[in-house]
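Two complexes are shown next, each including chain A; its partner changes from chain B in the first to chain C in the second.
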Partner chain A sequence: MPSSHHSNSTLKSDWIIKFFLVIGLLVTGLFIVLPLIHAIQLSFYHLESFVSEPQWIGLKNYAKALHDPVFWRDLLNGVIYAGFSIFFQVVLGIGIAVVLSKSFKGKQVVRGISILPYLLPTAIVSLTFLWMMDGSLGIITLGFAKIGIYNVPWFETPFTAMATVIFISVWLWTPFVTTCFLAGLQSVPQELYDAAKVDGLSAWGTFWKVTIPVLRPILTVIVLLRGIWMFNKFDVIWLMTMGGPLGATEHLPVLAYKKTFSMFDVGGGAAVATLSLMILTAVIFIYFKLFPFEEK
Partner chain B sequence: MRRAILQKKALIRRIGLYLLCALICIYSFFPIYWMIISGTKAPDHLFHHPTLIPGPFTLEYYSTLFQLTSYPTWFKNSILAALGTVVITMVCSIMIAYAVSRYRIKGKTWIISTMLFAYMFPPILMAIPLFSIFAKIGLADSLFSLVVAHTTIALPLGVWLLWGFFNAMPFQLEEAAMVDGHTRLGAFLRVVLPLSLPGLVTVGIFAFLLSWTDYTYALIMITSDTMKTLPVGLAGMVGAYEMRWGEIMAGATAIALPLLALFTFLSRYFIEGLAAGAVKG
Partner chain C sequence: MSSTDKEKGGITRRKFVKVAGAAGAAGALSLVGPGIPFIHGRAKVTLRFLNSEPDADSIRVLKVACAEYERKTGVKVALDTIPAGQVYSKLTASINAGRPYDISTLIFIGDTLLLAREGQLVPVTSLTKKHEWGPKILFPFDNEVWWYPFDYNLCTMFYREDLYQEKGLKAPDTWDSLVENCKALMLDENKDGMYERYGIALPIGTGGPASYMTFAFMWAEGVELFDDKWNIILDSPTMGPKVIRYLDFFAELYKTMPAGMTQIGFGPPLNLFASGRISHTVYTGRLVTNLEKFAPKLTDKYKMIPYPDSKGVNKAVSFGYDAWVVVNTKYSEESMKFMEWFTDNHYINFLHTVPLGFQPPRMDVYEDIRWRAHPMLEKYWWVMEQMWDYLKNPNLIIASIDTQGPAVDIRPGKVFNSFALPEMLQNKVLKGMPSEECLKIAAAKMRKALA
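And now, the complex of A and B:
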């Protein structure tokens, strides 16, 4: 059609779109590409602080990190933290979504309340749990004492410290999973449920044979996204345990932070951060190979 | 007989459902409840055998917080940083998303994939070089540096959301307006933008949330007490004084309340954005 041909040429020659595009490229370059390049650049230097004279040392920061058992311990800690947090977020998220997808009075209120944890700043949630888990006055500690479990060392043993940071992360970010699954559940055609009923499937059978297959594409994306974010998450662990006790909850973001800002090794910190991005990229690549996205 | 049994079963299911809902509410709301309660409970009760019910009420934590700490300054900094982030994120993501959705060149996939890639950057990886850059140009420890840092996380999300919005809008819309004598810019401002208002609100809310709730970037970019934002300032109170949990919980409540109010009025946009960002990201 001539008119669409005409419109195509006006689209191409329009200065305002070109202007927008140039601004877009500039902003993306300045805000995202430049810092990334600078981070990689820093990782090739030895420098003790951001104002000291940088000294080119090539790949030595990487060699040092990869030969350091702390790096591997922190990588493993990060995998454990991310893995268990996502697992419980997904299980709880699906469970809550299934309950909230039923129709009952006050549904909107319950939905609203169930999202609240996700709205709160991480720092505020961490502080609140620090207070609730205070060794002598915390309401959770007192509650456990009521049922005969005294002096739980929430932050003092490697196992309880890891379990605590995982629990708080699950509390904070399950609503994200719940919301996504609720949206997904609404897209399940009623006929499928009716067919399952005709086939005599139990509620449990319907869940596994109907609901889960429909939710699979969302599940694939959520596990990936949440996995990446949990692997990168710095604030919960830093605020609750600072990586302690004795490095039991220290993961790569905390290691990079400590190196850069308290161990006078900016280059080393940048190297650890770059390495963790490389690991993530590799994992995502493999993940896409294993679970290719189904086009809608 | 059978019918009675069926009815009984349905009743039990119903009760079970409500019990589960109650459980979900308690699980999700109790820490928030305890935060609010702790910030208003008189000290002799808060620190000796606290009860679950609120009271006896006191506002002394709030007055200490606002009169004897830098809390008001942090509050002002948080608001400024959040507003700055919202404005820059919205302007930039509108321009980028519109150009990418309407311009047919190869470079646009480059922008979009960079944005998606930025989604998975470790915040630490961005914060270290950003701090270094701002230190070099003498702008470290400023709200501006913090706004830029927050924009690096909000922008990918904004572009992604708005790109979907603009793509769903047929080209004919602008063309019709341009036939009517509007320029492209006029058509964009008068036709496209008003129609994408829900998307704009969602992006604005998310940019605000990201900035208002951020701890990691503020911890790194800001070093002086007068430049701190609320989360970092409040977290700094732990350990700095003797444990002032009443004040800290009062401060936490004052940070959370604007968010809860925002959510009550704008929950539709919030949930839409959450779902869209997740399903597409």
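And now, the complex of A and C:
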């Protein structure tokens, strides 16, 4: 009977959904929630290594971190690094997506190439840039010398070091933003552009009044995701500057790592990581209030 | 799926879920099941060896030795290799996870102390007492030796003798003469500010290379970081003026270096020297092996000297030992047997894998004709002989940040990892701060690291 068949099929499909939900919850619990709880737990202890006898010290690790100017400097560094990286990734990502959405010869090839940086392993990119920006032999350094700009201090001043890691992060992750916006652009109804044309809007006006409003939901998600990823981004900074020079590119993930694995302060590192999580959670909460996701 | 399919034994969703569930449960059990031996269960006894020497030849020798040991005793030794910088984290993680390595390489005595204090290591005194050892290498505590060193990693200076002869220069004996020589050997053929050759390259970045390679000038000057009570004395009336002198000297020397010294690691000073871009460098004996391989034209064009002090009185070299530890596991006894066999039979084979790079800490090795028979050691015996002399010369200072202080302790390790000293240099040469201010900031940072 059709109704019985439909009911059986719904039951089975519910069962499968539940099954995968349980798997998802198990994986999340095992690999995210439990380590998180363990990390938070560690932050209340003094221990020099993972094999040391932990000593309960309550909130002392938090008090120490919050009274440490290095913590606040690293928080600011993280905000600068994440903020500028996201800004340039989004601006360039939208720009490139708009260009790639137009029809031109070799479009598919260019689209394919544009995603390449995102496919490269971060370690390879970081080390390659390190060599290309080498102060003595780097191809970029020598290229600048050819046009009369000598000895560019790529990593030697706080400003240039931060600018360099931001530049590399933008180079590396803009393609992700481009791809998302490119997908979004496909969903902009042609009628809207036709209407804009009838209303006499310029290309710039069409972009602001048609394209951007349609892309807004994607923009909200992209900024959120990139914000979380960039704030927690460890590899590029660690591989390129290890937080230097003079702490200019050190942010909270690097500080947490250094405390835990170099400074024999596992509890202190866990406290910094927990504080970082709390700050990020608060920012996301505010972000959701300001830019609620549209439910459709 | 039709009933016919079912009868034929086709896969239904229910079956799939059952199989997947069973596989998942088995997988989970294999992860969490206490006492279910995974590796140890495959042979009667399997020892796990965490190696951090990445050279292909070193790994080959270790693997061959492990295989030979298994053939002789039936005890399997499984080798894992990871970068040296991660070895301590990996070892502690393995202990914490309840599946510790039985033998491991360690590169910091502070890490060894910490593990020994927690009862995680067994002493290797019975093995080390068989031989005479060089200075500052065994670091015994609690009347026991806890590691078996295989490399001194003495870091010394090299200069281009052919260029010195061309310019009629003498080997630098003081800081001033080093600066003058470095300046004299800089080459700007096109007069465009892009030098074809610089004086020297010394890392100043926030990391291990600077800590290891750049401060031996300061040790030669007699600088010490701690007093007998573990107080930081870098800015004391005795040490402060020496450090200030060093900073002023370094600022001058920095002018002869190529750009990018904050970024360079262990490799670039070697590459820059091999490619003729610098006339001086600092490195271990591994430089000799690399020149032989990659810059054979330079093999007879350099000389080696220790780091000088400001007045030409004292000399120093820095060092960065490597050693094996035996972890306190249920197989400690077997591990000790393996270590005894390995160090008796394969120690020299292992040292031969980086012939001038692994500088033997065991003094008997220098006179062992088996070790000296390696072609590279025969060819460059003058290099090794000089490095051997470093160990025998009581007036030569052998020092490093992480071995400072009156006893073995993790405090120098904390100071090392605070990178207060590299940052002191950065403040001087990148920010142009007065030396007194740089010193004050560095001392404060060290104290904070210990607080």
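In this section, the second predicted complex is superposed on the first by the 268 of 296 C-alpha atoms of A that agree within 3 Å, B and C clash if a C-alpha of one lies under 4 Å from a C-alpha of the other, contacts with A are read in each partner's own complex, and residues count from 1 in each chain.
Keep in mind that, in the parts below, contacts are C-beta pairs under 8 Å (C-beta built on N, C-alpha and C of every residue); 3 or more make two chains touch, one makes a residue touch a chain.
Note that the coordinates shown come from a computational prediction; the quantities given were computed from them, not determined experimentally.
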Note to self: Given the alignment on chain A, is it a clash or a fit between chain B and chain C?
What the structure shows: clash
Checklist line | Which of chain B and chain C A:93 touches, first, second, both or neither | finding: neither
Next item on the list: Could you figure out whether chain B or chain C reaches more residues of chain A?
Entry: B
Check: A:267 contacts which: chain B (first), chain C (second), both, neither?
Finding: neither
Check: Touch check for A:151: first (chain B), second (chain C), both, or neither?
Finding: second
Note to self: Tell me the contact category for A:14 with respect to chain B and chain C: first, second, both or neither.
What the structure shows: first
Next item on the list: For A:134, decide between first (touching chain B), second (touching chain C), both and neither.
Entry: both
Next item on the list: Could you say whether A:51 touches chain B, chain C, both of them, or neither, answering first, second, both or neither?
Entry: both
Checklist line | First (chain B), second (chain C), both or neither touched by A:78 | finding: neither
Next item on the list: Would you check which partner chain A:276 touches, where first means chain B only, second means chain C only, and both and neither mean what they say?
Entry: first
Check: Does chain B (first) or chain C (second) touch A:124, or do both, or does neither?
Finding: first
Margin query: After superposing on chain A, which of these stretches of chain C ends up overlapping chain B: 91-99, 235-243 or 397-405?
Written below: 91-99
Check: Residue overlap on chain A between the chain B contact set and the chain C contact set?
Finding: 12, 16, 23, 50-51, 130, 134, 137, 261
Check: Can you name the residues of chain A that touch chain B in the complex?
Finding: 7, 10-12, 14, 16-18, 20-21, 23-25, 27-28, 31-39, 41-42, 50-51, 96, 99-100, 102, 104, 106, 110, 112-117, 119-132, 134, 137, 139, 142, 171, 175-176, 179-180, 183, 218, 221-222, 225, 228, 231-232, 234-235, 238-239, 252-253, 256-257, 260-261, 266, 269-270, 273-274, 276-277, 280-281, 284
Margin query: Help me check something: in the complex, which residues belonging to chain B touch chain A?
Written below: 14, 17-18, 20-21, 24-25, 27-29, 31-32, 34-35, 38, 46-47, 50, 52, 92, 95-96, 98-100, 102-105, 107-108, 111, 114-115, 118-126, 128-133, 135-136, 140, 148, 151-152, 155-156, 171, 175, 178, 183-185, 188, 209, 212-216, 219-220, 230-232, 234-235, 238, 243, 245, 248-249, 252, 255-256, 259-260, 263-264, 267, 270-271, 274-275, 278-279, 281
Margin query: Residue numbers of chain C touching chain A in their complex, please.
Written below: 13, 17, 24, 88-89, 92-93, 95-96, 110, 114-115, 118, 120, 192-194, 198, 201, 205-207, 258-264, 268, 272, 275, 277, 410, 413-414, 417-419, 422-423, 426-427, 430-431, 449
Note to self: For a test of understanding, state which residues of chain A touch chain C in their complex under the given definition.
What the structure shows: 12, 16, 19, 23, 48-53, 130, 133-138, 141, 145, 150-157, 161, 240-247, 258, 261-264
